[in-house]
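What follows is one structure encoded as structure tokens, with my remarks underneath.
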Amino acid sequence: MEEFDDDEIVKKIMHVMRNAPHGTIYTYEGLEMILIMAAYDQDISVAFVDDGVYALKKGQDTAGIEVKGFAKTFLALDGYDVEKLYVDQVSLEERGLTEDDLVVDVEVISSAEIGKMMTEQDVVIQH
Amino acid sequence: MEEFDDDEIVKKIMHVMRNAPHGTIYTYEGLEMILIMAAYDQDISVAFVDDGVYALKKGQDTAGIEVKGFAKTFLALDGYDVEKLYVDQVSLEERGLTEDDLVVDVEVISSAEIGKMMTEQDVVIQH
Amino acid sequence: MNIGILLKEGPYNHQASDTAYKFAEAAIKKGHTIDAVFFYNDGVNNSTGNMEPPQDDRHIGNRWVGLCQKNNVKMMVCIAAAKRRGINDDVLIDCGEITGLGNLTDIAIRNDRLVTFGD
Amino acid sequence: MNIGILLKEGPYNHQASDTAYKFAEAAIKKGHTIDAVFFYNDGVNNSTGNMEPPQDDRHIGNRWVGLCQKNNVKMMVCIAAAKRRGINDDVLIDCGEITGLGNLTDIAIRNDRLVTFGD
Amino acid sequence: MLHTINKSPFGSNSFETSSRFFQPGDPILFIEDGVYTVQADNKFSKILAEVQQNNPVYALSPDLDARGIGNIADGVTTIDYEGFVELVEEHQVNSWL
Amino acid sequence: MLHTINKSPFGSNSFETSSRFFQPGDPILFIEDGVYTVQADNKFSKILAEVQQNNPVYALSPDLDARGIGNIADGVTTIDYEGFVELVEEHQVNSWL
């Protein structure tokens, strides 16, 4: 750890989930990153875009592929004060999904609204 | 090396190039594989599909990205008796390219014709 | 039936490695012979003996070693692909063999099937 | 200006590693400070000291070491990502430091920019 | 020839491209992120239905389960790794990556 | 905000998706395989032209050279790594992967 010069800086950091879970590790390791960053009292948000929305799909059971499941970990984000979860509406609709298909409460908003938030960030990390 | 029980078996092996060069190593390492397999007197063919056709684009100069270029190595295939080079016509046209843009002589044929050849192979390897 | 496997992606980052293993396991259970797994491209990273995944996760390296020791599946690692990525005999899993693409050609020739897993 | 770099793919297989290096080099040439390169996902494979590419090819490992030794760029490797992929202190490049994601957070906070390279 | 497809059709063109090369009768097997293709009522349902007119379509059930895809398109056969092996017994394999 | 795109638009949906999120004035930089997007007269020329109405578009010349792309769409500015750094001086970065 560095010394705490940074103590009072609060940066706006957005994580963008754009990959499907399980086929690659990006969403899982992305979630690990978010959980750590959440402990640093930064202004964290998470946007689910494209296949990233599948990470939130209810009913995932990974026993058969012997890969660690993690959909329920998104439920824990709230306990870490990561409450800004945004889902891109077009991405959800293209996949024939609705909010009821998702494991956590999210805000379903337009790409333009998410795009506007992106420009307000200090850091955007895509996973 | 194995003992030469396999001596007289000639298998039909098709390599499919479907990735652009340089962004990933697949085409380059695929070409390395083809050059070795060519020494084994098998019936080798190579199909260029999707961004794989870009591997054959004339005028590639990789000095600026400090990555090894290899477009000219395709010219050497002929010397290894790898003469069956097929380019998927749709893939070429979608990219606004013609045969004149390519570094080697190829046969530009339809997806259906390549698909038919695929079914006649003993082995198909996608790169 | 005799089957060879070509694995083109590294462990954990891509599911390819898991699917290849589950496929091999099922084929053996059905009485087939898996002749060899040939690691190519980033697939060579499957052959490091240094993986230390979390305790509640699968250990991909140990799975390959088990397949080799119990079922005589050869674990072959392309030397050219391995060298540029830093895989050598010092880190190699038990059973691993660093070898040339000629061996992949032999695998393709002498087996009834060559099945590729990648991304 | 102070810049951090996040690198998410391994060497040779993806151009991301090359682009990150060329970007860092250009930024330093223009007088900026590259604070650190943080290796995540398969990016941790950039930190092995065992790469042996063909003589006529770039040596990606040595390039990172050079950037560190000449320009004081920290080379940080995520411990969780490294462990599952078999990267540990035995194979680590000179200058490499295996560390936690807290350090990435610090990099994101204390620099003017965080630039990601991946695939 | 058995064609396997392991990419989400939303992120990659694997399915759309490979479908130009399928020969009538060739079985198609969706695995890994490819199984999203057979989820009922998505953007690719129409192309899938066209493929099904000439080709038997399979999807790997462990991959469907892992992704929580319960509602799949009509006519798609779900199989496990053993079923995957059985398809390989019958056909040479072309893995679209 | 600077958006970088490093994937071929033929193989990946990165460009099409990201373009929904661009804000007017955001510069767009194509790097690596992303530079195929700015090749003149391809399937994506029309979408690119639409983007150009609201956004300045750049492409990394070392990547264009590496791929032999000489003929690029009107209005696209080519820059080297130094130019990339200059864009980063002016903007926060959003790297679409």
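Labels A, B, C, D, E and F are assigned to the chains in the order they are written; within every chain, residues are numbered from 1.
One rule holds in what follows: a contact is a pair of C-beta atoms (placed from the backbone, for glycine too) under 8 Å apart; a residue touches a chain by one contact, two chains touch by 3 or more.
Computed from a predicted model, the values in this text were never measured in an experiment.
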Partner chains shared by chain B and chain F (touch criterion as defined above): D, E
Furthest chain, CA centroid comparison against chain D: E
Same or different residue numbers at the chain C/chain D copy interface, by half rule: same
Where chain E and chain F are represented by their mean Cα positions, the distance between them in whole Å: 33
Separation of mean Cα positions, chain D and chain A [Å, integer]: 24
For chain E, residues that touch 2 or more chains besides their own: 6-7, 10-11, 13, 32-33, 62, 80, 92-93, 95, 97
Touching two or more other chains - residues of chain A: 22-25, 50, 65, 67, 122-123, 126
Interface hub residues of chain D, defined as touching at least two other chains: 8, 12-13, 15, 19, 22, 41, 57, 80, 114, 116, 118-119
Chain-chain contacts as defined at top: A-C, A-D, A-E, A-F, B-C, B-D, B-E, B-F, C-D, C-E, D-F, E-F
Interfacial residue positions of chain D with respect to chain F in the complex: 1, 3, 8, 15-16, 19, 22-23, 25-27, 29-30, 32, 113-119
Contact footprint of chain D on chain C as seen in their complex: 10-13, 41-42, 45, 48-54, 57, 61, 80, 83-88, 90-91
List of chain D residues in touch with chain A within their complex: 6, 8, 40-41, 80-81, 100-106, 108-110, 114, 116, 118
Chain A-facing residues of chain F, complex: 1, 13, 17, 20-23, 26, 92-97
Complex contact set, residues of chain A against chain E: 19-24, 50-51, 54, 57-65, 67, 69, 71, 94-96
